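The structure under discussion is supplied below as structure tokens; questions concerning it will follow.
Note that the chains take the letters A, B and C in the order they are written out, and that residue 1 is the start of every chain.
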């Protein structure tokens, strides 16, 4: 009587153990992620100003939000920024990975140099970047001191061009990381496939275009996901480089949301912009996650 | 970590208990005064409290005129764990009071007679519903122009007293080959200049536009004229102005690269630190057309609601120490501002400081002391930032003329209310 | 991963190789530029910085800015330098990284080797948490921490970082363990090994590369965090908040050399982690997260 009982209990425990171990993670995710998202959605329909206050105002915040010119600037900026940032990072990352994969001497030294920017926050490198981009101190000044008198680089002072300096700094920070992802993908490709193609007379260019790059599809996808979430979250670098200026020319959704929620005491509008951001993220991520997870069943 | 701190506190408490009978608790102070001079001035306060056996738990959060600090504060209050005292500006204090988050200093204030010595315009931010909620540390006035004496002499030598004279001096400086106006293109700096421009068009106009937020005035002809003047001023800055910190702009005036800077009294510290003497090396004047009036901002320590009697006692002691005339004098000499009470002797202050105190007293007596829009003392944060948006856009040439900017201002302010 | 060889089959000529090296070195210079500017200006006296060339080497070398940033610079009311905040950061980062990595490993193990109905959904839910912008969770998080009595404590900060880290660590470990043959687990089960025993004896020993990835990622993210630190750190503020106080002070002469020295000091641990563990990083990525 007793023996089978304990055995049963043991098997049952073994059955339940994995779920028990996983449960806390799921619980905190449900509360701290989905609960908070729900909270934000509710907040976006309230007239909250300084602290959350649950007075219902319907879609008023959304109407106000889309009437604000700065929000449209923010949307236009994130579109320019994200597309350039993702494309350039991917291109540079892929190029560097392919180049580094050619039995380069000193790879062990170059790799950490490419990677280290990812280790630094813009609180650390912000001043250096500001200097570098400032015409009076930075690149322009250095070039002129070195004799190139007509050299001009005033993007950061120009409302039209300032957003591109943000792209530049963002590419600096993450392209090395993307390189590492591609390099890992390249190293994972079986050499026999390449050798076979070479025997068939494919040129290096054809080899990469037809065979290697298609094989890197998972790396492309991972890079895309990481880059797009970094792009949407980009906050630190805007604050560090331009503070949203000149004027509000480099306002981004994340900076917009932060300023309305925390410095302008219009938490309702801040929340509604957050909801729009979350919906955008979901629109990009959910199909990707769905495809990825389905594939692996 | 928790345990470590806990232990330290216990030991400290034990020491205290053994030496004195007082049961005062520590004060936790959130502030953004982290630069050398300011922190040194704050240390005076800390030492003073230490003599009353009140410990100081420091929580400095610098950045953006307190923006980061206000975010941290919001998290602390939401979590039900506010600091004892928080450095705060203008309408933020009243907004927090409206949220019922602040404590009550009325007992201390009544005992020490604050009502009689603090200018009424300041009391507007230190009191809510008749209760004292904050202790003002200083009064900054923002409608100053700082000029390089040599550059002014080269441009005719007479300090401008009207808008036309100002434009003439700026033109002369431009002809002399220097940057006429040293400026940093950050929203609050643009707005600081604009405060002066608006005040220069008359006290009534400033009050109707920025204090009463009258939509007709905000979008009216006079506002259009104000924006035209701002746009005019924007033609006198160098190409490199965008994003520049204000102290770098001051440096341009100090070393003669630029002629003048329109900035609050804190700029004086930069000149003095560079070894410049008021009157000989540089000139401080009120923004042309605003002599006799003052736009101010005032750093105050807002006292948050605390539970225990010990904490309340410590809070009261801190407020009392802040209002002490000796501290007010010592702090403001360092900071470049004027004391927040009118009965502080001016012996320790320099010429510009004495002028600031005299101007403040005059303005206070003649009802021409106004809260600065640029520094959150004229309207709540949402309106202030809406004004920032339009002013900055105008300064950066986004509107065809002043009338278009004035129309945009009226819309933006309406949307923010 | 053992099948992949470390070199490629592509052959290149002399001209091409020169070009490759040129491009690679140019990019290396680009990546190094900000660090160079910070480094070189952190050992100059302030007088050389104002009005000088930001690229120029110092005429007078000085370590005074470093000493000042570390132990005497004004961070708050007291001129403490960054030193005390360093410890605060360490005490927060180490437990947070350890906990989130262990939890991620266990989650990855369960989601690949102890699959159940709806496990993909659970994973998808957890994964989406990687993409939530931190600014939006600030206020509700403050409410929760306040209710738990953890507001303004290091434990509270650790909790926050673990919560928003497990999405990433779970992702890494799940993809890594997915490639591990499930038959070995089944065999061990038949031999009577239990849940934890299998994890401890079979999976953990081969988890090195992905653990490195997870630790690097978490360490960097948590060390560099400012928003949570300033909001929930209370009086034990982390290094980034102190650095911000040093750099952002509102009035007075900006001591750029001290700022740069402080910035490098604040970044040293993450730089160290990247450079020391960097070689395992690509290996770890290769083994797990990229192949999917």
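Heads up, the rule we're going with is that a contact is a pair of C-beta atoms (placed from the backbone, for glycine too) under 8 Å apart; a residue touches a chain by one contact, two chains touch by 3 or more.
Because the structure is predicted, anything quoted here is derived from the model rather than measured.
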| item | value |
| --- | --- |
| Label of the chain whose CA centroid is most distant from the centroid of chain C | B |
| B-C compared against A-B, more contacting pairs | B-C |
| Centre distance in Å when chain A and chain C are each reduced to the mean of their C-alpha atoms | 15 |
| Centroid distance [mean C-alpha coordinates] between chain C and chain B, Å | 38 |
| Centre distance in Å when chain A and chain B are each reduced to the mean of their C-alpha atoms | 38 |
| Junction residues of chain A - those touching two or more other chains | 51-52, 262 |
| Two or more partner chains touched - positions in chain B | 64, 71, 74, 78 |
| Sites on chain C at which at least two other chains make contact | 138-139, 141, 244, 247 |
| For the chain A and chain B complex, residues of the former touching the latter | 49-52, 64, 67-70, 130, 134-136, 154, 156-157, 159, 242-243, 245-249, 259, 262-266 |
| Residue ranges of chain C touching chain B (in the complex, touch as defined) | 74-79, 88, 91-92, 138-139, 141-143, 145-146, 151-155, 227, 230-232, 234-237, 241, 244-254 |
| Partner chain C, residues of chain A touching it in the complex | 14, 17-19, 21-22, 24-26, 28-37, 39-40, 51-52, 92, 95-96, 99-104, 108, 110-121, 123-129, 131-132, 137-138, 141-142, 145, 172, 176, 180-181, 183-191, 194-195, 198, 204, 207-208, 218-219, 221-222, 229, 232-233, 235-236, 254, 257-258, 261-262, 267, 271, 274, 277-278, 281-282, 285-286, 289-290, 292-294, 296-297 |
| Contacting residues of chain C [partner chain A, same complex] | 1, 3-12, 17, 20-21, 23-24, 27-28, 30-35, 37-38, 53-55, 103, 106-107, 110-111, 114, 116, 120, 122-141, 144, 163-164, 166-167, 170, 178, 194-196, 220, 224, 226, 240, 243-244, 247, 256, 259-260, 263-264, 266-267, 270-271, 273-275, 278-279, 281-283, 285-286, 289-292 |
| Chain B residues touching chain A - in the complex, by the definition given at the top | 64, 67, 70-71, 74, 77-78, 95-96, 98-99, 185-187, 239-243, 380-382, 385, 389, 392-393, 395-396, 398, 415-416 |
